[in-house]
Structures are given as C-alpha cells and as structure tokens.
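First the structure, which I've put down as structure tokens, then a few questions once you've had a look.
Think of it as A, B, C, D, E and F in the order they're written, each chain with its own count starting at 1.
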C-alpha cells in the first residue's frame, strides 16, 4: 500500500501528469489557453504512429511468441464483455436510461489509446518490459464493445442504426488503421527501420505526450465545466469504480494468458480505460438520442484522470505483485 | 446581370453524419454542395467548441444551391438523415448566376 | 415538406468579442447559434488575413436562426456588443425545418 | 431596430482565384467582404476535400454585403473573374444594421 | 562600439535572424509563402512550454535566491511605468490621438515573449548565464501595462471598457497560463523531469524558433505592406527610440536589483520589447476605437526587428559593461 | 538487373515507402484516416526548409565548383523541353484534348520536391554524395515548364490567361521562396548555423518524411478513388513511361554537365518527377478549362508511387553504372 502510494506520488509528479493537470486547471479557470484542433490531431497521429511502430519493431526483434493471437482474442473477449458489466453497474447505481447506459458502456468496453501510451511510458521509465504486440491488442479492443452496446440497446427495444457503412467506419477508423499499419511497418522494417526514424519517434516522444496531455486536460476541463448537472454522484462513482472492475477483469484474463508483468499491467490499463475518440463518433451515428456530453465527460473528465494518476501505478503494482515481477 | 431564382439550403449537422448526408443529397439528385467548417456553437444539447478536439467531433455546415422545384426532394432526403440527430436545416430564397450549372 | 418562417442573422465580429456576443445572445434568450471561422476579409479598417497569426486575432461569423418575433431582441443584444466594434450584422428571411427546436 | 435593405452575395471560388476576385471586387467599388474557409464539396467536376492537401488547393467562400444598387456592378466584376472557372455565385436579399458602413 | 557591431554582425547572420528576414522579404515581395495559423499557434505553445519549463528547472537547480520576488516587483513596476513614458513620447513626437497613443503605450509597457526567447537563445549561445526565474518576470510584465494605458485613456476622458471579464481574460490569457504553468512544472519535476523531455524541449528548440521567426517575418511583412500611410515618420522613430528608452529603464531597475549579467540583459530586453499577442486582443475589447493596425505594425514591424537585430546584442553588451560580466 | 531489383526491394521495405503505401491503402479502403491540412502544410514547410538549408550548408562547405550555373541552366532547359516531349507522347498514346495534354505536360516538365527529398534520403542512406546545389536546381526547374505548356496551348489556338500577376505567383510561390531562402541561409551561416539547428533539421528528418508520405499516400489514394473513369489506359501508361523518358533526358544532360553519381541520380529524379503543388495552382488560373483531377491523379497517383518504388532505385543504379560511381 505504502509502495503504491509512493508510486502514485512519483507518477503524479511527472511532467506528463502535471501537464494534464495544468490543462484541466486552465480550462476550469476559463483561461483561453487552447491547442488548435489541427495540432491536437497531428500529435495524436504522431503518438499512434510511434507507439504502433515501436510495438512492431519489438515483435520483429523477439519474434511472435505464440501468445499474440491468444492475447488478441483475450482482448476482444474483454471488449465484448465489459460493456455488459458496465451496463449492469450503471443501471444499478445511476438513473441513466437504457440508451444512455448502453452508450456509456460502449465507451468503457473500448479503450483509450492515450492512457495506454502513458502507461507504456511509465513502464519504460521503470524499466519494466512488455510484449510489443500489446499495441495490436489495443487496436483489437477498440470496436467489439460497440457491438455489445448496440445489442443491449436492441434488446431493450430502442432502435439503433447499425448498417454496413457504420461497420466500415468503425473497423477502418483512422486510429485503428494507423496503429495497425504502423505496427505492420515496424514489424516489416525491424531494427533497420527503427534506426532510420528513431530520433523522430523515440527521443521526442515523452515531450509530445506532455503537450498532448495538456490538450487532453483542456478538453476534459471544458467538458467538466459544461457538464454541470449532467453528472450525477452515481455517474461519477461509476467513472471511478468501473476502471477498477475493468482492471480486475483484465488482470484475470492476462494471468490466464500468462502475460509478462508489463503486458499484464497494460492489459489491465486497456480494460480499465474508456474510449473518447472512436466510440463517441460511432455512438453519434448509431445512438443519436444518447447524450454525448455524458459519455465524454465521464470517460475523459473522470476515468481518464483517475487512471492517469491513481490507476496506472496501482495496476502496475498489482501486476508486479501477482506475477512476482 | 441575368440571375435565376434558386434556393439556398444550409444544413448544420454533426461531423460523423456528414458523409451520410452528402450521400443522401447525391442520391436525391443534388448536383452540387459545399461543406464549411464550424468552430463551435450552442443549442439545446449545450455549448461546444472544436478546439483541441480529436476524432470526427463537432459539426459542419453543408450549403446547397438548387432550383426551387428540387427543394422538396432535397429536404426530404436531408430530413431522413438529420431526423434523429441534432442540427438545423434552413432555406433561403436566392438568385444565382449561370443557372445552367444547377 | 413543412417549413416555418425564421430569420437568419449573421454577425461577423472580432474574435476577442466572440464570447461577449454569445453571452449576450444567450442572455437575450437565443436558443442556439453556430460559429464559423473566417479566413480574412476587407473593410474600412483595411484588409487582413488569418494566416500565421497568433492570439485571438481575426474575426468569426456567428449564425443564428430564430423565430421572426425574436429578431428585435436579438438585434438589440447584438448591437449593444458590436456597437463600438468593427464588424457587420445582416438578417435574411429563411424557412426552417423542425420549428419546435427554436 | 432600424435595418436597411442590402444584398448578400456569396461567391464560392477556387482558392488560386481568390485574390483575383477580391482585387476585382475592390476595383468595382465594393467596400468590404469576408472570406470563409471551405472544407470540401461536390459539383460537376467531382467531389473534393481539403484534408491533407498542399498548396492553394480547394475553394473559399467570399461573402459580400452591399447596397442593392451596387449589386449589378459587383456581379459584373465577379462574373468576369469566375466566368471560365468552376464555382457558384448566389445573391440573397438581406437587411443590415449600420448601413452607413456600406 | 566595434565590439557591439561585431556582436550585431554575428547576431545578424544566425539562422534565426535570417529566417525572420526571409519571412519579411517574402511578405513584402507578395510571395504566397505562409505558415498555417494552427502551425504558428502550435509553435508558440511549444516555445512557451519549453522556455517556461527550462526556467523552472533552473530555479529548482539553483534554488530561489531571494531576488525572485524583488525582480518580479521590479518587472511589474516597469510594466506599469513604461506606458506613461511611451505615451508622453508619442504625444510629443507623433500626432496620434490620446486613444491611439494609449493603445500603443500599452503594447510597449508589456513584453514580447519571442524577443525574450530569442535573447535567451543568444545568451546561451554566448555562454552567459541568467536567472531561471526571468520567465516568471516575463509573465508578470504582460498585464500591468494594460492598466496604465486604460488609466491614461480614462484620464483623457474617453471611455474604456474595463470589466471583470476583461480582467479575467488578461490575467488568465493562454500565454501567461502556459508560461507560468510550465515554469511550475519545471520547478516541481526538476532535473528528473528535464531528463524525460530534454530531447523534445532542448535539442530542437532553436530550429523551431527559426521556423517561428519565419512566420513572424511573414506576419510583420504583411502588416507593413498593408500599413502604407498608417505609419508616420514620428511613429517609426518612436518604434526605434522607445525600446532603447525601455532598455535604459530596465537597466536601471536591474542594476538596483543586483541581477546577473544575463538576467540584466533579459530585463532590458523585456522592457525594450512590445507585446503583439495579449495586449492587441485586450485593446480590441477595451479600446475598440483605437487603430489595431497601428500598434501591431509598430510593435511587430518596427520594434521587433530592431530588437532582434540591433537591440539584443546592444543590450547584452551594455549589461556586460555595467556588470563587468 | 538483379542488383536493381534488390535495390528496389530494399527501397520498398523502408518505413518511408511503407508509410506511403499505408496511406494509399487506407484511402482506397475508405478509412477516415486523415492528416489535417495545417499539419500537412507544416510538414512541407519543415521539409523544404531542411532540404534547402542542408544544400546551402553543403555548398558553403565545398565551395561553388563552377558547375552550379551550368547545372541550373541544364535544369531549366530540361524543364522547358520536357513538356514538349510529354505533350507529343500524350497526343500520341491518349485521346486527351490539346488543352488537357498541355496541362498534364506542364506538371511533368516541373518537379516534385517530395520525390527529390526522398531520393536524397535514399542516397544518404547508401552513402552516395551529391552536389548541395541540386536543391537550387530543383527550385529552378519548377516554373519553366509552365511557360512551355502555355505556349503549346497558345499555338493550338485556345486562350490561356498569362498575366503579370500569374508570373509573379509562379516565380514567388511559397515553395520556391522557402527552398531558395533556406538555401541562402544555409550558405550564409554554414557549419555554424548547422550546429545550431542540426537536431531539428537533421535528426527527425526521415521521421517527418514518413508521416508526410503517409499523407501523400492518403491524398493520392483519395484522388485515385475519385478518378474512376478519368484515367484511361493510355494515360496510366503515360504516367509510367514519361518518368523514364524524363530520367533519360536528365541522364543525358547530367552526363554532359559532368555531375557526380549522386547529382546525376538527382537530376534524373527531378526530370522524372511531376509537380503537384505549384503547377496545379498555376493551371487553375491559366487554363481553367483543363481538368485538374486528371493531372493530379496522374502525377500523384501514378508517377509519384512509380518513382518512389521503382524509379528512384533504378535511376540511382543507372547513375552508378554510367558514372562508374
């Protein structure tokens, strides 16, 4: 416990977390500090490309260790299953309608790539190795949750719009394509490719992440400011409890898969984190009557900071404890 | 100069619905439209701004100049798309140069 | 399709005044508006362009669809903000779908 | 509030022609205009989008509020520029505040 | 004198200054070279973050040396006082109205962070140390000048709009928040934080500054091109004399404060430079009848290049002479 | 031949080419992956600045070797002459109108700076030196082709709009000004300037090029998708044959000029590549009736990938063979 708190303390005082806090504070204080949309998108392209490429190079170096496919399936199962848990929890502790609960559940079954990226950064900082293919697992966990959520809605009788076009948009959304594509490029070009672009994708990585988290803080803060009255106490509680539950499920699956300490921690992080890019867009199309501010504020304003500060160090500590790593 | 009566339809719609709307317009026989970016706005679902956002967040404005007789078809097509969605559809009387283009 | 008479107000105003204008609109009971970016322009105070600028430079266009009877209130509110500032306010007759939203 | 009759001219034109158009407008005695960015669109020459483009690709929208009696001069000036080019020119009746500015 | 000219020569032939000159020349020649607004804003976020963070880390390393608060106050006094000097000078040597003179005066009491950043870069290049907290002083000097200018206007009978909302906007404007926030983050995370993001905020810094100055040159050139007839000979003279007067005041205050050679040079630079971000926006709100092209063209088109080329090396030479450093 | 294929294979499996392929595939698969316009422009500014600056520094280091002006003239002659060849070829193997053929010919007489940049990158990777002034040659080859194309149109009786304003726009277009300006800055500041900004313009260069090529792939793919029916078989054949013819002319001129192996390869690349920035904008003004989709799809969708994958390694191999380098 003490160790966890120390870790949390260390984690809290990194430039990354403090940048997020700065953004959050600036937005809550109504400063006009802002990151241009194009710059935010450019940074996210950079981060996705870098993390995907590094994962591919790592797999190229260590070879496929057979667990790749098992872990992919484990991730997909988590993404399918967690929305059901989230939905049940929401219907129990909040008064959200079936529709809103399903929409929120979709976000929590899916993943937040920035939380993942931050966790890899913390792991690297602590010298804990992880399976390079975890980025592929991250990509695989983006979409299945949407299916579960739409099934929940269909079951409750409301109409969800799920057509071939939406499938196409979800499966080929920009983040997934870039992440998987960069992974494949890293896998193909290996160390040789890495040598060429290392000083672009490795050295400045943490710095870019800082500015990106500043923007995440600004967006989260603006969301929280506008969300007065949107978030009930129950909803906020959900935003803190659900990641812990997700992490527990992730831990179970990861242990069953025999992941390394770092890999286990990352699967917990993926399960614990909630989407705020791909799923929101899909929900606007499929469930237009669901309140978008609700999901986004919960995932970006409550769960994201929770994971960033307390979550990640806790998941890593737990992963170390259970794997003895 | 010689101008011709037309209708200017302006549809403000969520960005993730943009391609569905423009596909529907094309299916409805609309020969042209223009998409403008939107910085932010406010409505019954609250205030929002594009700044710092990721993904296909936010809204866009689709402008469509058409012959008056094509208006109803366009509105029906547009309505089918925006029906369940937030956003606004407005129509103004306009005059256009070069009607042969519409 | 069934449409309803409305007014489309377009206010082109300096970016630093944007939030003052939108606050005034909300206070005046306006239920919705949309903000469009502006690239550049020209007027009595010269020509300008947004390119490469920093800070809250430049102008924005605020579009507001309202019921005709609400026009005067809106114009008064807008005028109080833009009075001493550069910028233009124009009003067009429009028709809207889904009047229940306004 | 006191408003004055005006015309709102909207010209959607290729970006490389923008300065030629605005120069022509100024020569024709237009006192002000505003340029809006365009994200994409569709017409007889196909569909296009600004995303990822380089150079002065794409189109812009030039908006011009003028006194009704100045309309014909403006349209002639605009037509001379857009004549051989893709793009659309539309005119709407409008009311403006502060007519002394036009 | 010879030494100063040599320094000026050296300073003129750096990639930074030449980039500014390139931008200026391109805009004056009506080339369509341009930097997208979002890219310019992203670069300014980067520069503010980097300079603030580095300042914080420096203070963390050397400790607060007691002069911090005194220097902050010195800077604030300069920012309050210089507009009065500038106003008097303007009313003497130009025919500007009271309103326009006050608006211009506000710009000159405040500071230009890019001039500051360029000066730190020159100092670093010459191996001259400076107090890390000077970035905090820069932040503190942004706003007070606005108050003095509005007081000048009120005194002359015209109405200035100064409400709580404007106060809020000025004090929490994005540049100040980011500069001070990054300073605090650097202070908190110290060398450890620096190690994490050094290859992002230190190595590429000068290169980013080059591209940013290219954009400044473009904006300045476009302004000058459009300002035919706006700038009288008196106004241009003011744009060159005022920075020298400001630097002299800065020198006096800095000597009284006992700053190091580098710190003294930077305070002179701050006093000599004129705002072109925060103050212009505030003036549009508070003094809408003042001509914005006038202030911006003077500050960015005349004083900025003057400081960049002749000013900075001169102020450094003077600081070395008077501190014997 | 085997060697060429091996080289081609090596070239195909670099992160750069794979990034282009990823973009192309993503766009063809209708993924919504996209690079913001501002980010694409910012990257192109970076690449132009870096390549120009490096060229200037190289010339400063090795001195003008007398060939500079001869090579400039050689490049200009190529740019004037190639459109005539391209036009004749187009009128023979396609059914394009005189107007469309002339517009396409203008693109092929001019150059693609990204192809050039990629080629320098491959050369550097293989340790093959080239004349630093080749970037100046690249700049000089942008515009002349436009003149030839307009002459072709005038001859065929259609009216082209060529006024002083258009001349000005072409000669002072942003890419040329930045490339030449950066070259001049590199030349002036030499190794000293390079030392200041090396970690900005050298280290991350290849990584930025990767992301930029991803965007090029996206744009090319979108173009190809929208170009169904625009491109005839003859046109596609032209897009593959013309670069080879251009390279052959480039090779002849380069040999006559006595260029080094790397310089010869680059002149071949310049001659083989087709413009997709400056010329398209000029054609929209001068030949508005020409179909813009046609030229752009050919140059960016056919010739650019051809050069990137097969062309560059072939041209280098040929340059090595003929110079014995």
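Methods note: a contact is a pair of C-beta atoms (placed from the backbone, for glycine too) under 8 Å apart; a residue touches a chain by one contact, two chains touch by 3 or more.
Since we're looking at a predicted model, the values are computed, not measured.
*Asks:* Return the chains common to the contact lists of subunit B and subunit E.
*Replies:* Output, common partners of subunit B and subunit E: A, C.
*Asks:* Please give the intersection of the contact partners of subunit A with those of subunit B.
*Replies:* A chain counts here if it touches both subunit A and subunit B, and no chain qualifies.
*Asks:* Farthest from subunit B by Cα centre, which chain is it? Let me know.
*Replies:* E
*Asks:* Using only Cα atoms to place each chain's centre, name the chain farthest from subunit A.
*Replies:* Farthest chain from subunit A, going by C-alpha centroids: D.
*Asks:* Any idea how many Å lie between the Cα centroids of subunit B and subunit F?
*Replies:* That gives a centre separation of 38 Å.
*Asks:* Averaged over CA atoms, how far is the centre of subunit C from the centre of subunit F? Could you give it in whole Å?
*Replies:* 45
*Asks:* Residues of subunit D touching 2+ other chains?
*Replies:* 36-37, 56, 92-93
*Asks:* Where in subunit A do residues touch at least two different other chains?
*Replies:* Correct list: 32, 34-39, 41-42, 169, 199, 203-204.
*Asks:* Chain pairs in touch?
*Replies:* Touch list across chains, by label: A-B, A-E, A-F, B-C, B-D, C-D, C-E, D-F, E-F.
*Asks:* Could you pull out which subunit B residues touch subunit C in their complex?
*Replies:* 10, 12, 36-44, 59, 61, 72, 75-76, 78-79, 82, 88-93
*Asks:* In the complex of these two chains, what residues of subunit A are touching subunit F?
*Replies:* Its residues touching subunit F are 36-39, 41-42, 45-46, 49, 53, 168-169, 172-174, 177-178, 181-182, 184-185, 188-189, 193, 196-197, 199-201, 203-204.
*Asks:* Contact residues on subunit C for subunit E in the complex?
*Replies:* 14-17, 19-20, 45-57, 84-86
*Asks:* With touch defined as at the start, can you tell me which subunit F residues reach subunit A in the complex?
*Replies:* So the residues of subunit F in touch with subunit A come to 13-16, 18-19, 22, 25-26, 29-39, 42, 125, 199, 203-208, 210-211, 214.
*Asks:* If we count contacts the way the header does, which residues on subunit C are in touch with subunit B in the complex?
*Replies:* Residues of subunit C touching subunit B: 1, 3, 6, 8, 22, 26, 31-37, 60, 65, 92-98, 101.
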